[in-house]
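Here the chain labels run A, B, C, D and E in written order, and each chain numbers its own residues starting at 1.
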Amino acid sequence: MQLELKDINYTYPGSARNVFRQLSCQVTAPGFHALFGPSGVGKTTLAKMISGSITAFSGAVRTDQMTHVLYTYNLERLPGWHSVQDHLTQITPPPKHSRMEELVDSFGLEPCLNSRFAQLSLGQQNRTNLTRYLLQDFDLLIMDESLANVDEITKEKIILKIKALYPDRCFLYISHNVVEVAKFCKQILVLRSYHKNPQAVSLQGQDFNGRQPIAEKDLEQCMLEIVNAA
Amino acid sequence: MLHRRIYQFLMIYFIGFAGLMLVKYSLNLSDYVIPGFSEIGMACRRYFWLYLLAVLNTLAVAILGHLLSICMATLVGIIGRLTIWIGSFIRVAAYNIQAYPIVAVAPIIFILLGDGLSSRLLIAAMICYFPLLLSIIGILSEPVAEIEHFFESTRRMNWQLQVKIRAFENMHKLMTVIVGSATLAMVGTIVAEFIAANAGIGYSIRIALYQSDLAKILVALFLIGICTSIYLVFLEWLGMEIKKRIGSV
Amino acid sequence: TPEAEKPLEEVSYRLKWLYNISVVGDLYALDSGLFKKQGLAVNVKPGGPEKDAIKELELGHAQFGVASADQVIRAVSKGSPIVVIAQLFQTNPLHWIYRPDKIPLKTPQDLKGKTIGITHGGNDETIMRALLAKYGIQENEVTLFSVRYDYTPFYQGKVDLWPLYRNAQAPIIGAKLIKAGERFDLMDPSKMGIRFVANSVVTTRKMLEDRRETVQRFIKALLEGWREALDPANTEKAIALLLKYNKETPEDIVRQQLPATRILMMPSAKFRFGAIDVAAWQQTEEIMLAQKLIPVSVYVEKLLKPMNNK
Amino acid sequence: MLHRRIYQFLMIYFIGFAGLMLVKYSLNLSDYVIPGFSEIGMACRRYFWLYLLAVLNTLAVAILGHLLSICMATLVGIIGRLTIWIGSFIRVAAYNIQAYPIVAVAPIIFILLGDGLSSRLLIAAMICYFPLLLSIIGILSEPVAEIEHFFESTRRMNWQLQVKIRAFENMHKLMTVIVGSATLAMVGTIVAEFIAANAGIGYSIRIALYQSDLAKILVALFLIGICTSIYLVFLEWLGMEIKKRIGSV
Amino acid sequence: MQLELKDINYTYPGSARNVFRQLSCQVTAPGFHALFGPSGVGKTTLAKMISGSITAFSGAVRTDQMTHVLYTYNLERLPGWHSVQDHLTQITPPPKHSRMEELVDSFGLEPCLNSRFAQLSLGQQNRTNLTRYLLQDFDLLIMDESLANVDEITKEKIILKIKALYPDRCFLYISHNVVEVAKFCKQILVLRSYHKNPQAVSLQGQDFNGRQPIAEKDLEQCMLEIVNAA
């Protein structure tokens, strides 16, 4: 199980500025990894390349042994004709229904089940959307700011739950929260502006799983590394 | 609601009517060119019920034709939305057929279908389906990325779902077009009757035209307007109910 | 010459139908400069299904026009101030085409049991009803079929008799039947005693009173045009003229249309073109009265102001 | 692109044509019901250029009428989009006028406008403006909250801006409707010519019907189809250029 | 300058659950304040009430001496026909053009100026949108997750800039980031679920302005208070 990017060059059609120049990086082994970097650096673009919705780039993306790559982002919406519950039930394969209930419960979505998507608060929308992706078959799930509008306590609960339930999958979590990234992620890909070389740096996170406590110092050290790298 | 549409129609009708009368009396035209009050009154008394029945007959066919064209437009819209060759072919076909004035195609329709209800229906549908088709193609061929992404990437997308998503997101526009095209269904039916000359108010209008009897035409236009308004009010009510049911935003 | 310097008097003339054989004389008068010779610049406007010369006279869009007798009578009964100044067709060109091999029509009684095409509201309906009434044929003894733009029901044999214009349409439809190896014949209502007047030239009463001399000059040129157009000696010129204005009718058809028109307008060589057949007008009015197309008599003879016997 | 639309039209035409021939020869109908090849060939040779000129004449008027009705529909759409009384009144007026078949209203139009280009244009515009109107009202009356919010809350919103925002966001749908309604403009013009019988291919069709000459009508339909297709191709190209310029998504 | 909410009760039409029950709270004096609370608690709803787009509630909202109340949220878009620069220039009153340049510069928007809005990354969109609101006349600006998709370094720069440039205005900053809220905000309104009483609690933040350093301990204490209150 490995994700490898090699010598990626990309410029948006009609745009003058490069997004990537000879970008190479890789993520090995399953785990909850991060894709980090300042706003506008190209995280979303990279995510779209990995998931295959941007193809006109040079270089290679290799996703060996990962047949199902999913990409989810925070602006997605559910169809308007269903309540959240109906939608979730419909898109979840029957064997996963108990998993669905577990997620709904620990993501705090119970009060939303009978509402339409448009009636949810932003954070509720984020969580609902993420839930349905977790109920699909995937080897790699890219979460593009999927929890950006959720409060920190709930977010922590959600991340720990995901890590506990899916230890053998690969996640690429895009977030702007340094603490979070440093604390929960295993590997942290830091993307940097295209005139820095290399354009991507890989760091080690604390990979906190809610059980063994982590040393405050290590966390701070890690955060510092991330900030310096970016 | 009912109330407003109807009285607005009445206002419009009487504004038009007053305009005609103004022309008549200021240019001192005879009753032959523009009929006077007494003649219109007489035509009204004499033909009101007859014409009302004719309009109701027409309305019934128009409603059928409207349904038919909603179905046709949806069907063609669904196929025409495809970006592949057959889609563009269907779209071109739909456009080209529409480009033919019904008067030119009518003889061919009559040859192929005879002159029963079916030709009347087909002509009505042809006149009103095209505006529907245009909107439906426009709506169905524009992706709603934020909703479709999930289904695309989990390989759940099929054309039914895609159509459903796009239609639902554009419910308001669709409703406007469906309600609006009702008047076209009415026109289509009247034109069909006018050409086929068998029944309905279109037939009556044709006779009145031959006899250059504007008084009768004015009565017919009044009844057509009233009945169309009532149908529109009904459709709007229906649209509102549907919206309420499915809880669209 | 002083004659040429005098500016031409402008008038508009609205025809009853599109440029076809039925207006050949009007075009002839225009094209050969007959109007100009009378000091008139005439704007000859083609008619059409939605055009009504009488309405245009009233609105002042035209000074002269062609209208059918039923239009005239109807208009006058509604107070329209018009007069008839010449009658073009002596025999109404509205005939019924049929296949004599299929339905031999020897006497009017043979109409019984037939399917007859009529235009509801049109004057062919009036004529047919008058015909049926005259021969005591009840309405339930025939089937009246509402005709429309295309002839398919007749072609397919669903309708036995189909109304058409003797001079303009019969040569075309007949040619098609003959080409298919079928025979056709035409039923002429006037031969059965229904003399329903067709096209006539009309103007307003006011025009006749205020500009009588203009009216005289106009009608003089017009009738002259018709006479020359229908003169067998001018056949080639008339045909060429018509083909110039109407490119959509093949020449061989026009060749057949012209003599047919001549028969309808000039029953005999010595006939004074444009003469108004008062008796036929009265019969026309009676028929319309009987069918309640007008509420009361308009005494049509009072409208007839023949201008051709100056 | 041009290429494809044209050959698709040709295919459609010849499918229809083959269908007619099939009916003819399978039912053994004689030449006067459905003309045979030789007759059609002759009509084609004799009338091709005449009809082509007529169709081009018609097309010119149709383009004018199309422009006119885009303007009319935009205007009525802008006013009708208002939720206040006058908006709904205008909408009702627009609907009701449309509910009248042109054949019934034509005599009144001719009385008021005479039979020049203006009536021909008006009738053409009336036939094609309504589908435009429907879509435009649908689009212009649906808020785009995420964009409008700023202008609303800073009191910068005026109707021009609102119209611009909504039109821009629905550019794709608008283009579809505008391109599509071009065929309606063509139909409208032909019908106007048919009724007014003045000029253009509508007039020729009227004569052909009067002469019961289906062969000519088939030639006319062919030319109408080709010319309409070319106009559509042109409009699509124009739409694409506009989209490129303004960089719509 | 005072914002006062009194005895607010609200339930969304057609919804069964109360959002607010007898909610009362107030914000006094200008400053950079926060509106904080778990996802779905009603922050957006409250913001809409204050800015006047939700009106069908019982209770009173008093915005004495604040005539211009603006509400901005993170999903807003710019019209598609303009580049960012053209739009900003157009909606900025001429006397404020130098202010505009200052904001563009310190918000890191220069690379975006020639792009259309749809071509921006999420964080760039957030910043562009916020910028235009800051260039309007306002006494109170409610920022509903306006910086949710911006990286922390840029976000800190932006907040400090706002505080420096607009010391006499009132801001209500909605965010899910406890550190941020505790560090930068003056007064923190914590909204709590409707069965807690009172439904809103007001806390004091560190109001960091980039100059005087703040004590690590105070900040942590403050964060703890916030988390406990919520």
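Please note the rule applied: a contact is a pair of C-beta atoms (placed from the backbone, for glycine too) under 8 Å apart; a residue touches a chain by one contact, two chains touch by 3 or more.
All figures in this text were calculated on a predicted structure; none of them were measured in a lab.
Least step count on the touch graph, chain C to chain E: 2. With contact taken as defined at the outset, chain B and chain E are each touched by A, D. For chain pairs B-C and A-B, the one joined by more C-beta pairs in contact is B-C. For the pair chain A and chain C, the distance between mean C-alpha positions equals 86 Å. Inter-chain centre distance (chain D to chain E, centres taken as mean C-alpha positions): 51 Å. Taking each chain's centre as the average of its CA atoms, chain B and chain D sit 16 Å apart.
As a whole-number value, the distance joining the C-alpha centres of chain C and chain D reads 36 Å. Contact with two or more other chains is made by residues 50, 52, 55, 59, 149-150, 152 of chain C.
Chain contacts: chain D has residues 33, 107, 111, 206, 209 touching two or more partner chains. With touch defined as above, residues shared between interfaces to two or more other chains in chain E number as follows: 75.
Touching pairs of chains, sorted by label, consist of A-B, A-E, B-C, B-D, C-D, D-E. The residues of chain B lying in touch with chain A in their complex are 146-147, 149-150, 153-154, 156, 164-165, 168-169, 246-249.
By the touch criterion given at the top, residues 27, 29-33, 35, 39, 103, 106-107, 110-111, 115, 195-198, 203, 206-212 of chain B touch chain C in their complex. Chain contact summary for the complex, chain E toward chain A: residues 12, 15, 17, 37-44, 74-75, 108, 111-112, 115, 119-124, 126-127, 145, 148-155, 176-179, 227, 230. Put simply, chain E touches chain D in their complex at residues 51, 70-73, 75-81, 91, 116, 118, 129, 132-133, 136. Looking at the complex, you find that chain D touches chain B at residues 4-5, 8-9, 11-13, 20, 23, 33-34, 88-89, 92-93, 95-105, 107-108, 111-112, 130-131, 133-135, 137-139, 141-142, 172-174, 176-177, 180-181, 183-184, 186-187, 190-191, 194, 202, 205-206, 209, 214, 217, 220-221, 224-225, 228-229, 232.
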